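Each of the next two complexes has chain A plus one other chain: chain B in the first, chain C in the second.
== the complex of A and B ==
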């Protein structure tokens, strides 16, 4: 690990990139110097806006207008990239540096067959080539990423997300470049697919012996995938070294933050549970939420198989629903909110059927079940200042006495989630960061003090360092305000820490359920085991993606589908029945 | 963030970008609005200062040229009729003072009615869905394929002499489809958006979601669509008038051109008869085009993101 591999393939010297804006010039990258060697994998890690992608685009000479390289040198294996003409640069791209863009799954042309897209790149660089030869080469490229030759004849919409991502890798390596830049290649994929794609990428990179720059924000994934780490913050390279150095003795406080903000299963909790408040008096003896044989069918597809549970709600609890995309967890959330009628069964809220309540009761029900959604950017109407989102429901539910009362409540709620009300409330949504917006949504829920809060992936779209803050905001709601919470997530580590009870969903079935220490700490069902083994931990002693030639997620999933559900211990106040 | 001396190119770029800070101060938009207001002002001020009785047949000498020109009979233009007179002795200035606002009025009126219908139908289709949506969608798709002029020629011939309002109503029947489609598509995508779900969670009634949450975000699209419709409506109206259809007793720009062509103004070199209304129509269309281009820049998020 210590030897620095082959000769340098990419040398950045004092690279600076700037964007002129009406408010003045924004320096996106500030004199960055770095060397990537052949055969080495270098990770660029940092939060959104730290200049990772801008650096990569600068190397490719693909900066969006009006961005420009204002200083420094880029040396690619002896060639001065900045000195190349447009035509020379065009020939350099793909043949010498390949770029796998962010969200590569949307970068494939939907109206072209996969192999035609592979041929495009070859023909653009090598001129006219015999069709049989082209076919041989595209087949080879697809085989090297573990896809059969028949995939070449398919259109992108016929492939899964992981397959599309692997096609993009095949596209990147087909000309055998010296350097591959992969920009968050797995950000939209679930952990199992992520592991498979990363294994493929590392395998391909080792085979062609190129350098690899992997851009990402996930410390765990980086630890498991690269040799060297470069930590960027606000366009400055704050720390650079081998993964071992960085993980074991991070020097810069920002790096230390990044590492400690990754929640670990079994590690220290990032929460500081305050003393439990007395649960608020409930005016009903009926259970807070009750699912009676609820299922959801969309045409041929069963999104949720019949499930029954009762959440008593006398003591506030956090119930986590964990699963990958397509497991039915979000369907479950929207059924609870009454946005989506169940195909069979009934959902009872304090004994009332959600679908049969009258208009007056609807308002009461709405006040008592609130939600925090995944995408903080979409949750605010861009037309109004953000205070509208807090003020409107408060007035609508008849909680407001007068304007001063609303104002006081809004300020109190903002304070509770750590926002300065004078700074935040009079702004428009686009002037706030994702984290601020998400905390405002939590503040909104807090103002209404519902009995049940449904948090659907509340932190999946905010930066890692903010996740812990927002989750502890939500967690505090439980104890301070006595709100029961259903936490829907794909992140097992956070579920481990925040919840009192965990349900693992797989293709619409509950496969394992129980207290988190048992379910996540010591999984018994093959699917839960698969999920937990696929999480990349920032821990060098765990092998994730090394020596795993025989690893076949499809077979493991098939095995998981056979296995009966495992119900582990119970917690008082929540009863689950699985057919 | 700021620093370092700026090059000249930078400063120019900055100036250009500063304009995006307040997108409504778009020069194209302002020029376009200016041109249209000019035509409205011509109508208003003209009504106050000019003797409008001059629009009647035979109120002046026939075929007088504008001031500073001579006609084929070597008659010079006179200040009593600064823009000349037409073949039946009507004063050109009085004709356009009355006629130009009329053409604009028909366009605006037809477009307003079309927009109103479009908003109602679009929201209904997007919100109610199901059978209602099918009916509205198919209807508007079918209507969009029918060339309006063809149908209107038949209609107008059947009606004979129509009033300006009637004409606007008839044209409105052909400009509601594209706003309907636009709004329906936007409503369908907005229904899934986070802020509409948030409003539902807030117990918002349907009319609040429609008009307070969705409609404000549609305003730029609606404006653009409205202006495009005004253009279409005026083109249609003028087209009908030039064919000799439309209102018979009210002076409009299109009717003036029709009469000029009918009386052989082209052969007799009476260029002011058909030329002046044409120039006014051109000003109107350029104004509308500029407004449309300006609004496009205002509502285009790619340009706004620069600021």
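== the complex of A and C ==
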């Protein structure tokens, strides 16, 4: 490394962290050595379990029991962190090292006003302070992250996810620390908000001149945000260098995998379509699913403005619905699944109104429309083995001929998603990884031979390297089994590769729709352009706006709200009508 | 800060409906029983006097006096009217004492004893439950509290008897039974208050010992959840003092469901500690209800049941009023829905 910034603020020397468990000692971090300089941004990248968060918590001396530091040194600007007493360490936190935690949604105390949560941090380090002085400092901190002073008087539930995370950044800088550790600060946010929060963080860090450790698993976000990258795998630092070195000539095969697993718009597809199966036989001539002027209103908020479309179901298609959180895309999904009655209009399944169908029709509807949801951890009943979770719906829908038939079907479905049935069927859900569980959800849907699969953010909670696998499993459902798919996502790059048709939703309106090569490859509507520009590209030549401190999407969003919807090309079997 | 009007009206209607439905049930259920209260009274008179002349005429007269000959609808409307005025009629066992005066005599004792012990238990139980989870608790505390839970499995009568035996019979620190000494004059004077506290100590202690585990275990579960929350992790990363985090971040959030449970307990505690009042010969609502059941004294049973329901409903209502002030998220809900 040539340009190393200011003097070292954090030096890790042979840092090792272990967790003694009844099954033996788990070494979470193995002999890690690294230096962070003042004014520099260092990214820790790796998959879950790679030890990146554990390292951060080790530096903070906040390891969860029974974790302990088993060797090495942590030097913070000349202070030996491991030699500090509990009280000295408490005083070091926030004033010298600030930590911005992962869960933006939940990291503020719900029963305390925002300003009180800024004040108690100051008071804990500086003792009693004049209230006016406190008020001035909290107002200043909020202003530095682009929030008005009135935000201080609010409670956390009155803030959006992006605002909460900016409050956490304000808290992190209020005592002017030497080092900020941000642990996946934008993992729960959509691309536009992510861009705004990251630019705020970079701006604040530059202003106070501290070092920054950014923890994450998204190569694109890292490329846009940091100066140096440290790649961790299984607790070992496998590669460390400037972003340019790592992006342009990654040395370690794991780093190469991480970079290549990021789906790019326009890049090579990670899918390899083999066959193009015909749609399953249907006993109805009516279109599979039809929205007639469907809208949804919650109180005074219109989540979905009237929209009409017809999905024939005779030509299997993958239709993507993309947009930010709050755009109405998940509302649309739950209306399709019949979980959420529309405020106006009708949803027709093979010509029958979902609100008026009888019990037998409902059963048929449920069998034919299956779903894959975002959280693979919450989708299984933890008390039953996987075998039960797979066979029960199959029997319930009356598809099983006998035990041998069920077994054969389960094995086939597991095989289709690349899992070994002998290995997964006898297990309980908690014994499987998130990726395995999500593939089992796909397998379970496949067993019922549905005609339509609704996949709501199926890969957003899964590690990047597994996303491609799960998406190709889902893609295979169309390719090999002829099942139509509605793919709901905020990830435009995957939508670009997977889908045949894309609808972009903005504040409940369809603003742009058409084949992905046109809509995502060459966006015409200002909102689609905003989304595409906010994607963090793992490409140094395609900047997100490095110098746009205080970037605020409000103006662009206002412009987008004015623009008329753009309807691009069509695909067979899907017709969209927008008022 | 003001409560949204819609929220207030909503809760008031719920309060009214609960009390009305419950009052109606209390009225219906005894009427399903084949026992005739007039028969019982007559039987009791016969037992006292040896024989009763003109038994049939007296029976008819009693039925007339109690209004048992009126059509059911008339009886029901009269009943509702009376209940609003807290008039539950006359006790059949201690005829002609008014039920309302029996209750008025017993209620302060129970409220005093039970409410006090409930409040003590609530504080001790929740604090101990929180300390079981808090990582900065002394090791001794973390071992001692689960051990103390053993008491929770002892039925209150047993613990009461045990306390009586040790502290009243053997050590003679506290009186054996009664709510106050026979030598003091009831009233607002120091000697009387002292006597009441002295007499109330053992029954209260026996209730506290056996019930604190309920709060401690509940709090422990809630604290474990709160401990894993991101805001507690961030509080530690902010370098806040551990004790401040315990009170303002952990207990402050974990206590919220416990407060709802507290409201529900207030109603139940009147009926719940019948046996404790019984063994300490403490003249409260529990004892009144116990005796009324033995004597098949329907008006008293009805009156006591109504008071229990009214107390539960009112305390739930009060908690609903207080809740928006302790949990800002509820205020939000009330304002938008």
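By definition in this document, the second predicted complex is superposed on the first by the 567 of 579 C-alpha atoms of A that agree within 3 Å, B and C clash if a C-alpha of one lies under 4 Å from a C-alpha of the other, contacts with A are read in each partner's own complex, and residues count from 1 in each chain.
Please note the rule applied: a residue touches a chain if its C-beta (ideal position, glycine included) is under 8 Å from a C-beta of that chain, and two chains touch if they have at least 3 such contacts.
What you are looking at is a predicted structure, and each value in this text was computed from that prediction instead of being measured.
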Query = If chain A is used to align the two complexes, do chain B and chain C fit next to each other or clash?
reply = clash
Query = After superposition on the shared chain, which partner residues are touched by A:24: those of chain B (first), chain C (second), both, or neither?
reply = first
Message = In the overlaid three-chain picture, which partner chain does A:378 touch, first (chain B) or second (chain C), both, or neither?
response = first
Query = Now for A:363: first (chain B), second (chain C), both, or neither, which partner does it touch?
reply = first
Query = Once the shared chain is lined up, is A:396 touching chain B (first), chain C (second), both, or neither of them?
reply = first
Query = Is A:559 in contact with chain B, with chain C, with both, or with neither (first, second, both, neither)?
reply = neither
Task = Considering only the touch criterion stated at the top, classify A:337 as touching first (chain B), second (chain C), both, or neither.
result = first
Query = Taking the contacts chain A makes with chain B in one complex and with chain C in the other, which residues are shared?
reply = none
Query = Which residues of chain A touch chain C in their complex?
reply = 60, 62, 65, 90-95, 98-99, 101-103, 106-112, 120-121, 124-125, 155, 157-158, 168, 171, 299
Message = Help me check something: in the complex, which residues belonging to chain B touch chain A?
response = 1-4, 6, 10, 13-14, 17-18, 20-21, 193-195, 197-204, 213, 216-217, 306-307
Residues of chain C touching chain A in the complex = 135, 229-231, 233-242, 244, 248-249, 252-253, 326-329, 332, 336-337
Query = Inside the complex, what are the residues of chain A that reach chain B?
reply = 20-27, 66, 337, 339, 362-363, 366-367, 370-371, 373, 375, 377-384, 389, 392-393, 396-397, 441
